[in-house]
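One chain, chain A, links the two complexes that follow: it is found with chain B in the first and with chain C in the second.
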Partner chain A sequence: MLLGTIIYGLLNSAVLAVMAIGFNLTFGISGVANFAYGAMYIFSAYLSWTLFNLLDWPYGLAVSASISATMALGALMYRFVLLRVRGQALSEVIATFGIGLAILELFHYLGFVGFEYTLPVLIDDGIMIGDTMVDWQRILITGVAGLLVTGLWAFTHYTRLGLAFRGIAQDERTALTLGIESDRIAMISVSLGCGLAALAATVIIPLGSISPSEGYEVLIKALAVCIIGGLGSTGGVIVASFLIGFAERFTDTYVSSHWTMIVSLAAILLVLGFKPSGLFGRQKELEERI
Partner chain B sequence: MERRKERIDRGIKVRAGDVFALCSWREMLYLLAPRLIPVLGFLLLPLVLDNYWQKVLLSVAAFALLAISWDILAQSGMVSLGQALFFGLGAYCSGVLTHTFGCPPLLALPAAALLGGLLSTLCLLPVLRLRGVYFSMVTLIIPLMLVRVIEATKIFGGTEGLSGIAPLPSKWVELYLIVGALLAALFGFRRLLDSDYGLVLKAIKDNDRSVINAGINIYWFKAQALFIASSLAALTGAYMTHVYMFVGMPVFALDYSILPIAAAVVGGPGTLAGATVGAVILVPLSEVLRGIGGLRIVFYGLFLVVFIVALPEGIFHYIQRKYHQVERWVEVQ
Partner chain C sequence: MRSRPVKYYLILVCVVSGLIVSAAAQAAEPIVIGVPTSLGFLEGKESHKVVQMAVSEINAKGGVTLGGQKRILEVSSMDIRDAAPGVPVPEALLGIEKNILEKKPAGIVVGPFRSEALVAAMDLISKYKTPLIGTIAMTPASEAKVKEEPEKYKYVFRNCLNAVYLVKYLVGTMEAINKEFGFTKVYIMHQDVAWARATADGVKKSYFEKAGWEVMEQEAYPTGTSDFSSALMKARSKGAQVIMPIFDMPQSGTLVKQWKSMNVPALMTGFISPLAGTDAWKSFDGKIGGAINCVFEMGSAIASDKLPKSVEFYNKYKKIYGKELQAGHGPAPAYESVYILAEAIERAGSLDPEAIVAELKKTDRMGIMGRIRFDAGNQVIYGFDPKETAVAAVFQWTDDGKRRIVFPEALADSKIQLPKGLKSAK
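Right, the complex of A and B next:
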């Protein structure tokens, strides 16, 4: 029981890390709010489902097409909406939240709810660790999580584009004087974040089914990981995923599944109340609270 | 040839701004019309509408109150993404007071408004120091969490909610209570925000650090603004509890957070009248669109985006400008 909980805690943390990484790239590292993140996740999932099941495209083609489409959608959203309200944090939040709401409720209205709406697992098998059954899909997610987090860390520390992402979050005007075109960089950041959301959907959705309400949950979980870990910190993503991942599994096993969501919400509130820049964030203390 | 738009105050506005306004009916009407139209509209409409549209008017007034509450908070620099928190706490307070303690509804309403306001203020007191988007995120999350806490602990009827709550004495009391509350809140809080007290609140929004420099305790003022705004929303929640004769988890639903924001943004943030105009437009519109069901929320989302991007000042400011000023194109020298 305990070993099983620990293993599933670990796998759950990996799922959380994959879910949150795109949001962390956009909101955490480049400081652009994209509250349509959950909607992008669901959008790409439905698109893959449609291409794969209704139009009979091969799996690889369907998935890569929907990832590219989501990235394009993110870029368009930045160009036509976010660009106009750039710099007004609350308008950014409300506008993107409005877009997310519209997309999710549209799918809700169209009635895309049910167990048949899911993506195929890559390897339909599992292995036994101790007396716990672990399926390959979850192990794949753990691998993807490791790759993405290392990739993100290297990307934001050693590439020009990654450094530019961090630059526009730290001080946009100084970044401009150094030749970083902040509008273009922010657009790339939103687009990449949406692409990562689509990638996350591709590997995570096979564990369950696609439903619009999942979109809100993904947003909240990504927000939780991002806020608890600290804006602008890759290490924070790992620590926060582990914290929430284990806390969720342990409440699930030892308390009741009703309390699972409450744990992550309470964690966000505590961190926001006491250290709004998160456990590892060091940016802009005076802008957060006074 | 470069051109720019020149805006000049209408003659009648200049004249009416002075004591000479009392010299002519036309100028008095110019001043009074914008105030009389909403007052008379809200007071007379219940008499001419049928039963169904009376209910719509009732929810227009309720959402206008929520939007006014949002706007008071926004004008003090606290943007709430969770009006449902205040609404829901007020609704549950009134529900429990009437259902468990047997309070008469007319007594439970003001009690629930104060109690709900107090609870919401206590809830948010620890995060009053947070600024901007961080405060908003906290307000977004608390109602989501309360829903799940009620679901998990099964307090106050759990997922079933409390039903069979005593209604208000009659249909007319019900209607004129909310309309009266709306008009009182609209004109009363407009006056409050124009006074020195309101000036401090607006200054906190503009630059909180310089308000601290002026030796003013901004946390005390923020807490007061929070109490005022959340009591108003709690009153609305308590009132809707007695209208529906039910209180349950739906009171924390996203609708009660999104629609007031949409109303305030569409109508024009910064003036309480804008919030009312927004509610007067959006709520009947959503009734007309009732046939398309869940698609309504899609429209709210799009409305929000379009207005934030294309007309950030809102409808009210736009109309106000046209009413007071003439515009014309002039050549740039």
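Right, the complex of A and C next:
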């Protein structure tokens, strides 16, 4: 059972990393805490479901269209709402949370609640590792997590846009003097973050089902991972995903599933109490020292 | 100049005819039936639809006879969202109170989804003296309150299965499994809500412990949980032969998916709401063969030729709404409740709640769920023979996507089959 718990801890960590990486990217670059992140995840999932099941689009096309639409929605959200409140952290949080709430409640109002709302697994099989059965979908998520982390690293280090992202993240004013348009980059980062939420939904939803309440859960988990890891730190996201991922599975196995949901929230409280900038966060480190 | 008197005349005619129409409408004012429940959830949604179906049927015959006059019925629904994770009970109560105060229903059917909301709403129901025939919330705590203070809580009835009767159905199924295959190791997984806790504890205490079964573990999951992999892994490594799930949240369908994908060699036997209807086969890509599930009321998501009224109801719904009923809990008793209430109003000859409640108590009706009568706690009496009591059904999904009723014997059309990879212990 220990081996099984370790395997599922690892797989759970990958799920959390995929879930949180988009939120982290947006915050790291634009400083916007996108509280509509969970809603974007659900929006994309419902859109994929609708295109695939009701309009009979090929699955690949449905998913691509959903990811693109979610990215467009993110860009629109920035252009027409966030741009006006940029730099006012509380207003950004309220605005994005409000938009997220509206999206999720709209789906609820439209009756998108039920077990039939799910997406198909890409590989419908599994393998035995020791005495533990692991399905290919989870292995796929682990692969996606690895690809995303390395892909984002390569993107931010070797592409013009990625370097502009880092420039804005390091010092927005200096970046402006070098001709990097910060609002455009911030809009792209919000859009890309939403796209990553959509990608996460595509690979994670087949393990469960789509429901508006899932949007809140995704937001809480993404927040937990980012706060513990340190907002804006990719390395922090990875380490925090492992911490929470293993903590959840070990709680499940050796304590009780009843307490699993509390693990993330308790971890946030602990980290905020002892190191408010998170394990690898540098945002407030100086302030903390002072 | 000549057109002026004509204009006045026309206005006068309009006003007078308006008054006549309004007076006529007041004379035949519709009788309102309240449906405050979680309309966004499958059970609430389909229950609401069948209430409208029953009301349309009654209205098509002229309505309810009251004081020598035919009065039509009108449905007033409200989404109180009590089934959604995180929605506090007081919010649901506000919705019920709003429905009562604004629409002044002669009675409420379906009612709260969550038992916690039902128990909390009982004082409200009592305060406004509005008869309620609940058809979803299942905790026996509400009956206990009725028995403790019958005068105060006499307005609260329940026309669906409660946790006590569900325990009896699950015990009957487990006995059959034990007898047929010799299985004695069970892993219990349930939602962390009142009715599911009561059911799981009830089966454990009244059967597993007494019959010498080994309960490998009993785990409670908060509403909204969608990953059950750790528990399934534990069930597998501990050698559980039966997994008994008790869930009514949409996410619980994931449990079956994961049970199949992780190849857990145990018989899935219990209640998972998403598994009840025919759509489950497509939703779960046909990977639910072998799973055994309970439908709480005959007619809700399943029908039996041995109870022709259930088939008639099931087909009628399909004809009207273009698809089969999918909720294994709620629709059949919701439909019956409208008739029970309408008949009680007719017998009472008034909309006085005291008179209606007195007549509801006397209900004895042969319907789609079998025979319907209420006990001292205003709970519909369940058993295994539809001629004597209301009945539920336990069925098994076959590998070719059919549903075969396996319990109770009076309705069974097949014996329990073990899924591939699982061997009998006998």
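Some points to look at:
Just so we're on the same page, the second predicted complex is superposed on the first by the 279 of 290 C-alpha atoms of A that agree within 3 Å, B and C clash if a C-alpha of one lies under 4 Å from a C-alpha of the other, contacts with A are read in each partner's own complex, and residues count from 1 in each chain.
Methods note: a contact is a pair of C-beta atoms (placed from the backbone, for glycine too) under 8 Å apart; a residue touches a chain by one contact, two chains touch by 3 or more.
Quick caveat, the model's predicted, so the values are computed rather than measured.
Applying the stated contact rule after C-alpha superposition, one finds that A:48 touches neither chain B nor chain C. Look at A:213: by the touch rule set out above, it reaches chain C but stays clear of chain B. In the superposed model, A:253 lies in contact with chain C only, and not with chain B.
In the superposition on chain A, A:66 makes contact with neither chain B nor chain C. In the superposed model, A:13 makes contact with neither chain B nor chain C.
In the superposed pair of complexes, A:189 makes contact with neither chain B nor chain C. Within the superposed three-chain model, A:4 lies in touch with chain C and out of touch with chain B [touch as defined at top].
Once the two complexes are overlaid on the shared chain, A:223 sits against chain B while remaining clear of chain C. Shared-chain residue A:24: touches no atom of chain B or chain C. Counting contacts as defined above, chain A residues 108-109, 256, 258, 261 meet chain B in one complex and chain C in the other.
Per the touch definition, chain B reaches chain A in the complex via residues 79, 81, 126-127, 129-134, 136-138, 141-142, 144-145, 148-149, 151-152, 208-209, 212, 218, 254, 258, 261, 265, 292-295, 297-305, 308-309, 312. Residues 33, 80-81, 84-85, 89-91, 93-95, 97-103, 105-106, 108-109, 220, 223, 227, 256, 258-259, 261-262, 265-266, 268-269, 272-273, 276, 287-290 of chain A are the ones touching chain B in the complex.
Interface of chain A with chain C (complex): residues 1, 4-5, 8, 12, 108-109, 111, 113-118, 120-121, 124, 126, 131-135, 137, 207-209, 211, 213-214, 216-217, 249, 252-253, 256-258, 260-261. Interface residues of chain C, counted against chain A in their complex, comprise 40-42, 45, 84-86, 192, 219-222, 224-231, 233-234, 236-237, 250-254, 257-258, 261-264, 273-274, 279-280, 282-283, 285.
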